[in-house]
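There are two complexes below, and they share subunit A, which is joined by subunit B in the first and by subunit C in the second.
Let's look at the complex of A and B:
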């Protein structure tokens, strides 16, 4: 049983992981004044669900805090309190406490200090006080006082939950039924009976259907036997209105007559009877020993998604299912939880399918079968399908960056509180979708960069005033797609990078030799040097000198790059450019000394043929540059750069144009990195353009200079994916820029 | 092109470190192969498969003992030229060269060993293994064992993989 409890607890925490961001985004909407009643309800529901779940696990600290939080939110919901910025801030802080308490309960975080809880409780109580007396916490249609426990109406998906039942018909049929365990072992479900009863009523009369679940005989969870039937239902429905008669009801139970207790009562005074029923049901629920508070019972029954029904679902096909599905249908889009490993497996198989399809195509090409129009058409269909499937699988893994971005709100809140600064974080493009592997790996670098922005980027309030800026600093965190990559920008409106101080620090730390003369960009790049930190005093936030180099490393590991742009007095812009996925790449297949290699299409600028005698220049240090339309670009002889073995003379094809190509021409592929630096790769030819599946080399080998990963071509052979950025960097390092300018002048 | 990799189904109980641990009655099944004139062996449990040699893809800047990379059901696997690695001359004009694919249980890394030929399987008693002092420059081997007149060298697979993955990995594995 312990295992089951653990599982349920795990589910609860997983739900908290969903509810907390929901809460956060709701609060975000509130502060943007886009709030509607639904927003407030969503916020309320999130806190309420956490409380309900926590109560059933006896997580007292969490329950108590959530309860106060909920009460405060209720004032908002009832409209007695207006969501002004101060109140929203309080709610934000309280949310942080709440999520810390969840982490505490989960043993993933430090224990939350009592003083902090108390402080926040006071603030929340102040809000409750503001909202006037007599506004105790109340859930969706529920009050916490045990005596007032109301019956639970099960939403069968057909009618509006919130609509009160006002016109009680004169004559009511009360159907009590209690399935025996045999009913379930036959594969039937109480849900079917309930649905059968619902169908007896005409559409417009559905609101008058009342369903109460009788949990009186439900043993404590620990004693719950997997295949015992403990639940009964009481359904009240109007007689006559839609032609419902006792016979109709008997018809519904016709198939289960022998395995289900059934009692039909006809009543004239419906009101009194139903409240009696309710009491009975309520008492039943109250006696459930495993529930800490009656409130929790309400939460359990009402939310449907909190652990008890889960337990039953896990243990057997318990009839709690209808309540759950009813709620789900009403509230959210249909979705399922899938183990990420399964998606990974699917992804891998799709990758193999792409390879298989490509190999089929290359085999057919060899057979010259591609002249067959019919075959060609069918192959095209398969190609399209493969690509679609691949995209669909990618879409499963894609998630909006919202989750990471919203977490950053808290990072900035805490960092600004610690630094004594007032900083607002503005989010843009949270809907931008990226592969989830990327999202998981983005949190740490972003956290660090934002802390840095608060600590170093934004000035003190006094300094801001002197500079004529608003006292509140702003950091803009935005995401957008650009040419197959995702760009994440962090822009603060602080003072920009103090290049002088950065340089001095770097010299002091021995990162650059004294007297070195560096360009502005080079100085800015020093921020990413290991062991660099400009903070004069080591603060909690940053300043341990393990910051930005780790950030850069993390981003590079994801196949991304970081660039800085500093605008003195105006702010600093960090740009992260990342691939959308870590799995597939649009590549150009090039040939060099007999090897096929892949260049990411995103980095290719153009493909040109240049004349060796006119366009290629040798500069004094022995390296070469090529002039392409008046612009001088360092030339990289790819074969030499990658130490590729020379092709056996006999195998060189007629198209082969090597370093000293027969026609006196070179085929060069002009490539560009994120910073805009270019280089020209000398290749023997371009073969094709294809989507390739990225495979790690480093898993079974070390990192290779100039190579980012590998892929498998249609014929099953391994092909290397070039790391254009490092190739460009190594080429531009070799070439003196002044020499380039001189040549450009001469060429012009 | 196989759809499912057999990796998933195969039990990962291979001990690739050559430091043979206790098995049935202190004996270990070994596979014997030749590189040049010498015979070597490795534990059979560390072997995933034996393949025909196919031209691998050249890896830039690679050391002489790295032959290149091949595709094994979607995984990129580096092939080590054992003759170069062990600094011996391979058999000339050998058409029967094969690649022994091994997997290290600890590091979860896979690599291929290019050998001249595979001779067979033998069972050796663990207490018959004569240790080799590492100072003698034989870090590639973990011991010797005599079978009949023949001395067979036991190859240290963790050393092969360590060299492949880079020096950092060696220290990490040693530490």
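Let's look at the complex of A and C:
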């Protein structure tokens, strides 16, 4: 029993997942001038359903709150209160509490503080009082049935109880199907349909399934074609036994819906009469008892070895047009729920398949088999298919960011209430789709960034008015795709970053030495430094102990970057750039000191050969820069940077490692991060471009500076995926930007 | 005097969790093959083709609600006599009055216990074995 209830409880929480967004969107529609009756009803029903469900599971705290909320909404429904902004706001806040109480009951959220519930209950009761009910909502569980109601006894004489429900299911489902002639050529098999029907019955019900073969379309032997379906079947099975329903039967025919005529008839058949009727229905037809060896019977039917072809089915058993039932099924199957774990498994397997395909290719290359045109063609097909499958699976996992974005409305609502500010959140590009894993991990960083924007970005209403801005601040949260990544921007119309104050704080906290001279961007970046906080008063938000450094780390863990742009007096723009998926990436395979490493193609700008004696400069601090198309960029000797052991002399590739000033050539890969900063990676060669499966290195080993993850190459070897952004940042830090400018001038 | 297993029951509620809790409680009382439908319209379609002794229906459902279902059931000679119990949790007394006027047999207030369910049913059917 406990298990049953647990399962139902799960269903209830899933319902809550649907009801809460319905409630939210209903409240959103309320804000507009005219509120339709349906909207109000939908809002009411959402809260009512949550209450009702919660009551069934004894979730008392949830029930009690939902009850008051429901009563307040009832005033709205009956028209005793009008949805003015103050009331709508109360309803929003109550929704937040309700949603937190659901999370609490589900053990996915922190317990909701009693004082918060209390406060919201008061507000709701004020609405109920305003509605003229005069008293707060009646107690929970109190029967709203009038005292003087007397239950009405039914007249049992009018009922027929003679036929116990469990012994003889009253209904027989007659399933008639006639596969279209192309069934077999499509790779489907009528046998599977019959077996599927048999499986609908519990084991002890065998014998209650009756199968009749319809051979009226069976052509003379000479015209019989082995791959054309020409038989039809009529199957009678008891409804309800083992829970068989029409839906179950439709499910069996789901795969062949478009090539199989299917008709399901429920027959009135009382008690013992049912079997008689079944026999009558099959009268004149060749009956195949479908009891002990159904497979044999089916095989017999398939071979056309059934005797007496003149035994035709009654005219009524002709297959009906599938149109009606087919359409109905189509509607029901518009979407299905799938356990996310299964999709995760699918994704993992696709990952393994990508590796498998790469390893096949590399094995064939080793065998020198790739000269074989036929083989090459087939390999190309597999490659295309692998990529298509992978994209299809990704599309299944892709979800619009809407869900996360909408949650941010609440974050802003709460944060602005706490900070005493009036802030509107405008959402853009909510339909932008991202891999589910990413979405799950976006909520926390976005929450902190939006709190931060409300807390530190938007000014106080007074300060805003002095600056000539509307009292209400605006934060714009937008998402869009750009070159294989997703860009999320948080733009506030606040005062921008006060660089003076940031610098002072950073000096005070010992993050930078006193007297340091930093550029504007460098100062802005200090916001992300560990242990930094500019909040002058420790507000509730900052008090949560999460700084922007944590946010940055979280985004980096997702393979993303955060950049910041401050427009003094006008606002601040945070840009998150994230990969679309955490599962695979397009990589360029490069060689460096004998190791193959992967550089994400998305960050590669160009691949050039430079002359060490002409293009490479050494700057006073000892580091190197290279001039590429008139632009000086820091040069990174990848092997040195990653402290890879030097190859024994004489190995291929080592002659490339010329140094600045010596005559020679270098192969450099110009890479760029999202902020537009570039660096040139010195590599020994470029091997290939391939799709690689991302394997977390932190999970399996530990974090390595300059390396974001690992992958498995076609030959089975492990290869590192370079974290281009970190490499660029560390190189840029080393190189004094002023020296770069000077060199650029000299080079020009 | 019927045994629970003889009573053919139909549960109507738009919430799957509510339906299943009720079905599971009814199974505990000995009911067999309880049918579930998610709104008034589906329930009427089912009632049209199947003899049913008892309908337990929610009040507030999208589309055809519990009250409209009750009225439709009572106005059809084929189903007019069946037992109709309304599941309430509703704070609105007006609807309850209307249900009484429409000929409801009994109310089952949410939340309820199995004992309460049994009592509610027995007030309609007499002692249930």
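Just so it is clear, the second predicted complex is superposed on the first by the 424 of 748 C-alpha atoms of A that agree within 3 Å, B and C clash if a C-alpha of one lies under 4 Å from a C-alpha of the other, contacts with A are read in each partner's own complex, and residues count from 1 in each chain.
Operating definition for what follows: a contact is a pair of C-beta atoms (placed from the backbone, for glycine too) under 8 Å apart; a residue touches a chain by one contact, two chains touch by 3 or more.
Computed from a predicted model, the values in this text were never measured in an experiment.
K.L.:
Looking at the overlay, what does A:478 touch: subunit B (first), subunit C (second), both, or neither?
P.N.:
neither
K.L.:
Pick one for A:52: touches subunit B only (first), subunit C only (second), both, or neither.
P.N.:
In the superposition, A:52 touches subunit C alone.
K.L.:
Is A:627 touching anything from subunit B or subunit C once the two structures are fitted on A? First, second, both or neither.
P.N.:
neither
K.L.:
Does the superposition put A:25 against subunit B (first), subunit C (second), both, or neither?
P.N.:
A:25 contacts neither subunit B nor subunit C.
K.L.:
After the superposition on A, what does A:12 contact: first (subunit B), second (subunit C), both or neither?
P.N.:
It touches subunit C, and subunit B stays clear.
K.L.:
Among the partners subunit B and subunit C, which is in contact with a greater number of residues of subunit A?
P.N.:
Touched residues of subunit A are more numerous for C.
K.L.:
Just to be sure I read the superposition right, which of the two partners does A:71 touch: subunit B = first, subunit C = second, or both, or neither?
P.N.:
A:71: touches subunit C, not subunit B.
K.L.:
Both subunit B and subunit C touch subunit A; at which residues?
P.N.:
none
K.L.:
In their complex, what parts of subunit A are in touch with subunit B?
P.N.:
348-349, 351-352, 355-356, 359, 595, 641-645, 695-697, 699-707, 710, 712, 716-720
K.L.:
Where on subunit B is subunit A touching in the complex?
P.N.:
Touching subunit A from subunit B are residues 1, 3-4, 56-62, 66, 68-71, 73-78, 109-111, 164-166, 169.
K.L.:
Quick one: which bits of subunit C touch subunit A in the complex? Just the residue numbers, please.
P.N.:
Touching subunit A from subunit C are residues 1-3, 5-8, 14-18, 20-21, 24, 28, 31-33, 49-51, 53, 58, 60, 62, 81-83, 88-93, 96-97, 100, 103-107, 109-111, 120, 123-126.
K.L.:
Once bound in the complex, which stretches of subunit A touch subunit C?
P.N.:
1, 4-5, 8-9, 11-12, 15, 42, 44-45, 48-49, 51-53, 55-58, 63, 67, 70-71, 74, 78, 137-138, 141, 143-146, 149, 151-156, 158-161, 163-166, 169-171, 240, 266
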